[in-house]
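After the structure tokens below, expect a handful of questions from me.
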């Protein structure tokens, strides 16, 4: 069955971007509708792809293979495995909601949508690439537009110079949007350099004939190589996944980024990092993984607890959400580190669940920020009176983030922690559950501070509830969150198919 | 023996005049000293059995390039700066040290290379002009053509670069002329 | 007259050229030094051709042509330099500094 | 699908349908009245199904279980969801749906003055709550029970914070959620341990003794949170910030009883650990006595009832700790009826007087005879006066506890019975008899039938609930015979004494403050336990958190900034190397050549 569906899904946003590029500057509506069209093609395509994935047959499906540099074995090889469908769907949902949430962007809107769509094409490409070099190229396509998106459309704020390293504050305006964009890009590029090195080591050791992931996975690398290369991949991709202590681009980056960019970045891009660690690092390097996994798991536990604790004393709404992302990405890495089917299922499910949840969060924060012109929680209060709908969705996002049963967040956290506990990592689990409890503290505190209490003060006279397209974004994200929480097998079953295929190489016992 | 003596004379001429080339204050003189070096080199070519090359050297270099150089000097200034700067005392020493180091190293390498002066295993047939011509126009025709193209490009490039455009930049000192 | 003699001579000429390159400030003088160095290289070609065979002469011929081209362009540049700076001392031209 | 399954599903999804409809149709919700109608309709359907289910069970119908795999990983099913229709769930479902229905009908009158949108919101929350509670009650395994457990926690949070504009309500809602969520970690870890040991979330597993103790102690931590046992009881009095019907339903009759329900459900596990049961006995009896003492000095009628709830939940926990599932569960049932009745009657009084303070009331029985009668019946039932439902259930509890741990818990519970009668007597005397204390109390009048009806139903149940004892015992397969031993007689006598004393003290002077109680109210005002938690949060957690945030900003990120800064500085320092002068570059090239030559020679 080759219907070129995957090419379509990946290319649709890029094509839409191309069309948008040729639209006249003033065509506001046309720009938005074309972008939305591109996003919807990806969304619907990914739903169809997920629905028609043959779980019984498992493995790679809808394989498309176009040679690019045959002499080096570089092929544009797209295929969908068990993980591909759910992650495509996540990306589709987020970009669709993201375009809707960006409807009111007024500054250089054409360029904005072009970059947004190009970025999404990159993300979609990563999830279905079966060729490591192409995987990496898509990865870069997804990462780089972020620089412009934050640097041009972002928001700045000042961070006072303190501490032993305040000399650095002289050189950069810390908290400035260009600073955030630059830090994010540079940190991710350093990570990319590590990945690149690792890719070439793998390629050469595998005979320098092909970048095909299946071929690379079938090669057995010697133990020392694996032990050296695995950390390169873990930290390289891990930087994007917010692995402690390489997470610091995330709070500043997310806080400075415009709404839809934060949504995409925290919602989808951070998942690329975790996906890369699992799909490339762990699957290709079993011995290296087994050697390093205690460290990976311990750092993940640190991430969960550290992110949550840091979030607790933030005063800026976006920072809270950003640190909560750092914390929740720890759950993904923790699940990955268990090396059990349940842990991996939970990890991938958490990618989707957290993606949607944090997308919803940032959409809401964007709405609040646009109306209130401040992100300082201390200044807000009583917003539920004038924006009840936003308050409802915010509460929903909070509940999912603290892992309430019936929302997607519960499923992934429960499965991951259960897997971690069951595989004997009691300390990690305790740290993780404590992190989830602290999440409950800070999200509810924020909700109370922003939405509850007597009506808003006179400073906020422009407050209003969500508007048409914003409703669209909120409803799509909120519904997905609840639907996945009530019936997680929608995604968990296909994810499990992928998990078993990939995990078989690491843990020989789990062959189906 | 006579060949060695001849080589010695030629080499001495070349080196001595080369030293004058780099030391002469007056540029016209430097150009003329270079001419002598080039002539000595041409003589060396002839001694090494490359008579055609010697001819080309004389024609092209001594005839063409030297003339160009003289014109170049005439268009611009004849002397280097009037007031010597601080670097002027450091620079000759530095240059001399570096040049001597280079010479020392390469010369040592040459002297230490064994079997450099042994006669080749089989006698070499002298290279005739016909051989040369065939080589150029048959074996290396492509390179030859490319070279001619390069020369053409260089000529056009030189003309374009040196062509006087509007009188402006010459007459009024621009911001760039610091 | 042996190969090593020729090579030593070439080395000496080259080193003198380097000395000139490093010490002279007038653009044309620098050009002259470069000529010396090119000449030294040519001597090597011819000497190897004489004592070891091969197409060294051919190379020397081509190199000669290249040198001529270089001189033409170089002089043009010197003239341009003179026009823009009213001077031909290369250490005054520090536009390459960021 | 068998009949019990269908009935259970109807019971489960009727309120769910109402909640879902109200959630997706804001127009319906904002109109208010349709929302109430839908919610009540859902509750009626749910209640009807529950009654049929219970009737079937009483006539010996089979227990039924229907599940579908919910989480799968690899070849194994991790968790299932579904419904379990057996005696325990059927009787609990009846109690829950009945009280919910009463409270919802009562709310029609009580919340009448709300704006339509918030009226609709209120009923939407109620539908959501009933669904969540039914998820918990009908759970076929402990994981689903946990799901329902968390969901009722959220609806509790939403309902406590219903008056979200009031800062105190907002604080109370969040506090309730935090405290119970903290305790819920126990349940979560208990599930982990259970799953690691048995590979499932069933409550009838056989465990090694150490594992059983670990699991049940962890579960009990969650019970302590949810059922407001010492020392995690602090949220319940604050939760009285919610509307009074909410207090009646969630924070008296059903949700707080979920903890007790968990023990009943997981009784096979709890039976395996003597240690846990002793802990339960001590905590339960201790809480009963402690909360009863605090109830003595509250002046807010709802707070009296709240502490009373803590105290009665302590009874249930102690009974279960003594191994009497029947006693604990039956006391849960009767308590649900009479405590809901008390809260609703109190709500009716509050509605009339517009104040929670008993000092603002007085003489209400004359002006509001229905309410007064209802409250008195509730008080008598709560105190365990013979003939009322509370008597029968307390009898079971006391009988079970009597010989355990050297009679100490038993004595504590008997003391509690006395105190219970005393504080209820105080409220009855001060609020409902004597002269009205002000304008409002003097002009208080009975509300409409929507508020009176539920009172009548619940009063009847509180009065006659004792009649259910035998069928209840049969349902759970335990022998039952009423026997008047020392315990019940003593308890009844103490209760009567408590009432008498209350009448003596407060009948003459409604503001009387015996010296003993002075000390107690000092203790109550000091809020020692609360302050301990506040200290923990503000002085420990927040300080650690802001320290870490500072570290992250200025050390971790500072280090990264520093790397960037040093790179820039390095560039700046290296910059003079680039002079822009051609001779310098030439020198560099030549030096490079010399270097290469040296390297070549050295080779």
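Order of writing sets the chain letters: A, B, C and D. Residues in each chain are counted from 1.
Just so it is clear, contacts are C-beta pairs under 8 Å (C-beta built on N, C-alpha and C of every residue); 3 or more make two chains touch, one makes a residue touch a chain.
Keep in mind the model is a prediction, meaning the values are calculated, not measured.
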Pick the chain whose C-alpha centre of mass, unweighted, sits closest to the average of all protein C-alpha coordinates shown. A
For chain B versus chain C, what separation do you get between their C-alpha means, in angstrom? 5
Starting from the mean Cα coordinates of chain A and chain C, work out the distance between those two points in Å. 60
Centre-to-centre distance between chain D and chain B (centres being mean Cα positions), rounded to whole Å: 98
Taking each chain's centre as its mean C-alpha position, how far apart are chain A and chain D in Å? 36
Listed in rising order, chain D residues that touch 2 or more other chains are 583, 587, 590
Contacts with two or more other chains occur in chain C at residues 18, 21-22, 25, 91, 95
Within chain A, the set of residues that touch 2 or more other chains is none
Per the touch criterion, the pairs are A-D, B-C, B-D, C-D
Touching chain A in the complex, chain D uses residues 69-75, 78, 117, 146-148, 150-151, 154, 157-158, 161, 164-165, 167, 170-171, 173-174, 177-178, 181-182, 185, 188-189, 191-193, 195-196, 541-542, 544-546, 548-550, 552-562, 564-565, 568-569
Of all residues in chain C, which touch chain B in the complex? 1-9, 11-29, 31-33, 35-36, 39, 42-43, 46-47, 49-53, 55, 57-58, 60-62, 64-73, 75-80, 82-89, 91-92, 95
Residues of chain D that touch chain C when the two form their complex: 575, 578-583, 585-587, 590
Parts of chain B lying in touch with chain D, wherever the complex brings them together: 91, 94, 98, 101-102, 105-106, 108-109, 112
With touch defined as at the start, can you tell me which chain D residues reach chain B in the complex? 583, 587, 590-591, 593-594, 597-598, 600-601
